[in-house]
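I'd like to ask some things about the structure below.
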Amino acid sequence: MYEKAKDLCEAFQARGIGRRDLMRRLAALGITAGIADMLVNATATRALAADFDWKAYKGTSLKLLLNKHPYADSMIADLEAFKTLTGMDVTYDIFPEDVYFDKVTAALSSHSTEYDAFMTGAYQTWQYGPAGWLVDMNEFLQDKSKVAPNYDWEDILPNLRASDSWSGKPGDALGGPGAKQWALPWGFEVYMLTYNKPVFDKLKLTPPKNMQELMTTAATITQSGGNGMYGVGLRGSRSWATIHPGFLSGYANFGGRDFTVADGKLKSAVNSKESKEFTAQFVQMVQDSGPKNWATYTWYEVGADLGAGTSGMIYDADSLGYFTATGDTKMKGQLGFAPIAPNPEMSHPTSNVWIWSLAMSNFSKRKDATWLFMQWATGTDHLLFGAREHDMIDPVRSSIWKDSEFQAHMEQKVPGFLETYQVTSPDAKIYFTPQPLFFNVTTDWAAALQRMVAKQIPVSEGLDALAAATDRQMSDAGLG
Amino acid sequence: MAQADMLWRGLRGVALTLVVVFFLFPIFWIVLMSFETNETVLQVPPTLTPHLTLQNYVALLSGKLNTATGIINITFLHNLWNSVLLSTCSVLVALILGVPAAYAFARFRFRGGEDIAFTLLSFRFAPPLLVLLPLTLYFQDIGLSNTYVGLIWIYQLICLPLILWIVRGYFEDASPDIEYAYRVDGHSWWKAFTKIAIPLAGPGIAAAALLSFIFAWNNFVFALVLASADKQPVTVGALAFVTASGIQYGIIAAAIVLSILPTLALALYAQRWLVEGLSLGAVKG
Amino acid sequence: MSEIPVTPPPLPRRPILPRALPYLLSLPALLVCIGILIPFVTAVWYSLERYNLSMPYMRSFIWFRNYISLFTDPDFWNTIQVSLIYTISTVVLELLLGLGIALLLRERSRLNNIISIALLMPLMTAPAIAALMWKLMTNPGFGVLSWLISLVGVTDFKWASSPHTAMFTVVLVDIWVYTPFMMILLLAGLRSLPQQPFEAAKLDGVNAGFVFLRITLPMLTPFLFTAVLFRTLDSIQQFDIIYAMTQGGPGNSLLVFQVRAYLEFFSYTNVGRSAAILMVLWAITYVLSQVFVRQWMKLRERAHGAS
Amino acid sequence: MNTAITKNGLHAQAIRTAFGKTTVLHDVSLAVAPGETLVLFGPSGSGKTVLLRAIAGLDPNATGHVTIAGRDVTTAGPEGRSIGVAFQNFALYPHMSARENIASPLRARKLPEREIDEKVSAIAKLLKIDHVLAQQPRALSNGQKQRTALARALVGSPKILLMDDPLRNVDAKLRYEMRMELPRLLRRANAAAVYVTQDYREAMALGDRIAVLIDGHIVQLDDPERVYAAPASVAVARLFGDPPLNLVPCRPTLANDGLHVSVFGLDLTLSMAGALAGREAMLGLRPDSIAIFADPQPGAVAATIAAVTPLHGKVVLLLRTQAGDEILASQVGRAPETGSTIWFRPETDTALLYDTETGLLAGEARTATEEAA
């Protein structure tokens, strides 16, 4: 029986069967979950260990700094596998997102040796990298002796790989020549519409395809949705997080840019004609059919309202739509997904992306051991586990998107999600110009939007003022 | 006259009722919410006869929160314990350091005394961030980052000045003659301090300790910046129930209720000293 | 007549311990706090540097240019203005309300004692958590306050989300949290006042308003002072409530000192500018606390001299 | 120097205290023999309490030497001086019963419980407070508090007894009672006692000697009778006696039969040395040395009675001469009506003469000197 179980595990290893399926079949053989887990891990270990010394840092203990996020949960659930594989121990500190990045800044700016690796976004690396807090992952990626043979770096979506790499020179393109790999992509999200099917059915609406339709649809829902329902959920807090999802995706679709770069100098482009055209519509939409307290909305509230049936749709992360559609919410199973290209003249969406990445602290005292962990965490095995068994629904590896079990799993859980992703993803990338003052610029941007929405300043005037203020900041910092 | 009196009493009653409603209604609402499921919380309009459940408390106390995305381990009880530990130790240290100092400032006029007193007081009024930011660097260097000792030390910024200020006023109002009498009786200075001065300043010390406990308990940013997750107090812990699949309003409410309970219990216990002890006694006779 | 012959006495040995005692008692407290002066000095230094963590190559000593840049920035004047409006409105309203409640609860009775302890509950709620509570209560969907005001026909009130009402909302939360602090200090003060002047005034049939203005208030001054001192200096440094509710928005309408400084450091990693903002705040609080404390000492001297 | 004092009594030498730049005591010295009561008399703020505290070792800023029973205690704390102190405000321990209050000095010496009990009971009985021993100070009447405080000061049979105006805060009746009782208690205690008071009558009643302290200087240290009869300075004269000494400005001239002064239009001859001749001076006349007549008399001046105050069986009259000068006189028996005219004559045999410039006593009538001697 043990042999049979082992065969099963080997088959699993060969991607023949999914892990869940494997566990079910093992259970049928009368093997308890505990032993099954051990077996699975043992075979996984053996397979990986075959041609690479995963045990080189046996006994070492790593510490991670994590954000409270389903992706982190998914990794935590699989940590045992890593421990078995390497004989290393991993502990972690996990913080709510409200305070997570402040915590990272505090730890890194104090050169804390406590954490070896941590979760980050690409934008953050534009600060952390030049500050000297991060290890350039190329040091490891380009050293063949350190890379496990089955670690397929090229399998990671090229836009994402590029987004985490930058030369550090303000205005230089992401992934361009001389770029350093500041972090490894691990999970990400694109921006699309998630909508409340019952209210669309009730009002006989179809998912909007561009900004104009989005505005009318949202207005219709606000007027006729009933029970205090409003049209479209959007983030609006005084934070960079307001700019980067739906807003920037639409902005880019209209051809808007944050900066124009000439001779290494950055000049704000937020008051361009395209920018004004799109921003005016966006502001109008928030005023007419956005959440009443839009100015305090973070993605939690956007998701909570959609889940509670208070908003008709959201223009936000696909993962947020997914978690709301599958989570413990009132609207569970009743949400639909749709791509959107806000500019009527554009045929396809231009979604900005947020990439949850793993970065290595430059103050880590166990860099080589940490590299093993990062390799494992961004490797195919773990990500496949996360995608199939957990909610790691935007895997960064193209092979996983092609995995039939993952596809089946998604299709069954959130019908329509994959098609929407397919339409949205080709042009999904970071549409910001990389530069170290990213957070100043985007926070001011959000504050300016808030003032426009509150009708404290007309859109055109507000954008001119924002551009002037941004230029001043850039030149103060020697960038403009 | 009697009519005016009635009117006055009536007005007073109305005013008091309004005050109580304003200050206690939010607490009441949160308590109610802590017994509701997320769905009933989110009902519009709010229902007045919700279905009450203990599940939020069970989740918090057992440390397991079931959500659609899986079981989330909650460390709330550990956060609570951290709060208790940090606040209690900080107040104790502040008492041990602050009461003798307050006594010195109240009893002796000595060179530099007022300057030292003001310097200590001014720590209370320095913007905490000003100190906190460079401190993160130093803490790393001297190995205090992420230790209870380091946190308790920094919490002195909150506790010590408050205790100094209130207890000093209390000592100043007590006649030194009583201690002098005890000393000429043949008791040592230390005995006079412990057997006379401290018991007589008891209510002031208790009130100051309670207030500084509350302020230490309520602190948010010190631990957030200086400590890792396992040292975080409830103020940070309560944020953890914002999850990807929705905000766990019921659990947040229960966490808030649990976070108020210890200080409330302490206040109830110390209430007989509170008002008397805070009477800083600046005016007598 | 037994006059003592006055021979010039040898300079007596003054006992060391009694003279050292006050230092022995107060220095431990000072020593523990003095460690905190080191980061303070560091912060002063930072404020004179162009120092952005994410642009380490730009780091240089620039004298007062951070300050000049702050004071020529209309946004910073907005910060000063917003901070002052916040401070003045919270302190004045809390003082009036706290005094009013303390007067209502002045008589020692069981009910009054219970109420006064119950009213402390908001103070026991951490401001960060209180802000969360009020955020829930003012949620336009399920928030109970939004529902309540909708019953009286107000449906378009946006609480913290509109620049017109955001200040009102955070001030309301501050009042909710800190009025109990005022109340308990003033109540303690009221109850510690000697009874004779009030009894005398009652016998003389002096009207209540006069008694309040001419007897109660003057005698309560030291308590009012302490309460206002602590509240003013806390309020001008407000962070938790505003940051948790609006992060300084909408627009720049609540961008008070510490929120601004926090953003400058944690979001923008601009250490120099953050330190300069905090130094300005520190200077303001230092001057205020000096004025307050001196005045308070004078009051005490007077009170003690009179007794 | 008196060896008894050095050996068993209190000897304070060159006590100096300063608060900041103000010197409160200027090298004050005094000695008290066992069984003797020295009254420290002076106006408020003159440094009496400060001196007492310096002696008790309660003022770390004081300099000077204190010797108690031959032992130099200058560097000892208050607990090492075996003294008893009665404070003006009683200074009872509010959180202890009267019994524990009184027992405190005995407890400090770690006496056996039985002995403590006996001693406390004995002293309480003596002071008539044995029935309130179980009570806390707040339940005691003022008089009982005062007696408790005294009992505490006496119970340990201290060698030195310091009393800081202990009768100040009790009512007139109690004060009177205690004034009668205290000498007996002090004799029994056989300690060197220093008693602070602002009341000259109390000083006279209790003091074996009186030290008058003004502005941090002992300006007179003498028997009570001498201080009364011949205050050493204008300042002492103004404080000592009720009604106070009349001080009349004058410029004495020297003649063969003595010193002449011209006051109230009278030419008075003083039988004293002529040191002040030709200088500004003050003639000190005790109110009871003003003879009063209902009818004109030779050498008497007419005056209107401006005010009448009864005082301790006497009446004090404020007289105003036609020239507008005022003088106080006291007499036994019924007072004349206010507004009526009488005649008065200063008796020169107790007259005193003060130097206006220094304020010091420059001369006293010989008869007075003889009487005092």
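Labels for the chains are A, B, C and D, by order of writing; each one numbers its residues from 1.
Keep this in mind: a residue touches a chain if its C-beta (ideal position, glycine included) is under 8 Å from a C-beta of that chain, and two chains touch if they have at least 3 such contacts.
Here's who's who by UniProt: A = Extracellular solute-binding protein; B = Carbohydrate ABC transporter permease; C = Sugar ABC transporter permease; D = ABC transporter ATP-binding protein.
Because the structure is a prediction, the values reported are computed rather than measured.
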| item | value |
| --- | --- |
| Chain at maximum distance from chain B, centres defined as averaged CA atoms | D |
| Inter-chain pair with the most contacting C-beta pairs | B-C |
| Approximate Å spacing (C-alpha centroids) for the pair chain A, chain C | 41 |
| Separation of chain C from chain D, taking each centre as the mean of its C-alpha atoms, in whole Å | 53 |
| Distance between the centres, which are taken as Cα means, of chain D and chain A, whole angstrom | 92 |
| Whole-Å gap between the CA centroids of chain B and chain C | 15 |
| Interface hub residues of chain C, defined as touching at least two other chains | 18-19, 21, 141-142, 265, 271 |
| Sequence positions of chain B contacting 2 or more other chains | 42, 44, 108, 137, 189, 239 |
| Overlap residues in chain D, where contacts from two or more other chains coincide | 60, 77 |
| Parts of chain C lying in touch with chain A, wherever the complex brings them together | 52-58, 69, 75, 135, 138-142, 156, 158-164, 166, 245-252, 263, 265-271 |
| List of chain B residues in touch with chain D within their complex | 108-109, 175, 177-178, 180-189, 196, 199-200 |
| Residues of chain C defined as touching chain B within the complex | 18-19, 21-23, 25-30, 32-33, 35-36, 38-40, 42-43, 46, 100-101, 104-105, 113, 115-129, 132-134, 136-137, 141-142, 144, 147, 150, 176, 179-180, 184-185, 187-189, 191-194, 219-220, 222-223, 226, 230, 233, 237, 239-240, 257-258, 261-262, 265, 271, 274-275, 278-279, 281-282, 285-286, 288-290, 293, 297, 299-300, 303-304, 307 |
| Sites on chain D touched by chain B in the complex | 19, 53, 56-58, 60, 77-79, 81-85, 87-89, 91-95, 104-105, 107-109, 149, 152, 156, 162 |
| Residue numbers on chain B that touch chain C, as the complex places them | 12, 15-16, 19-20, 22-24, 26-27, 29-30, 33, 41-46, 93, 97-98, 100-101, 103-105, 107-108, 110, 113-114, 116-135, 137-138, 153-154, 156-157, 160, 164-165, 169, 172, 189, 207, 214, 217-221, 234-235, 238-239, 249, 252-253, 256, 259-260, 263-264, 267-268, 271, 274-285 |
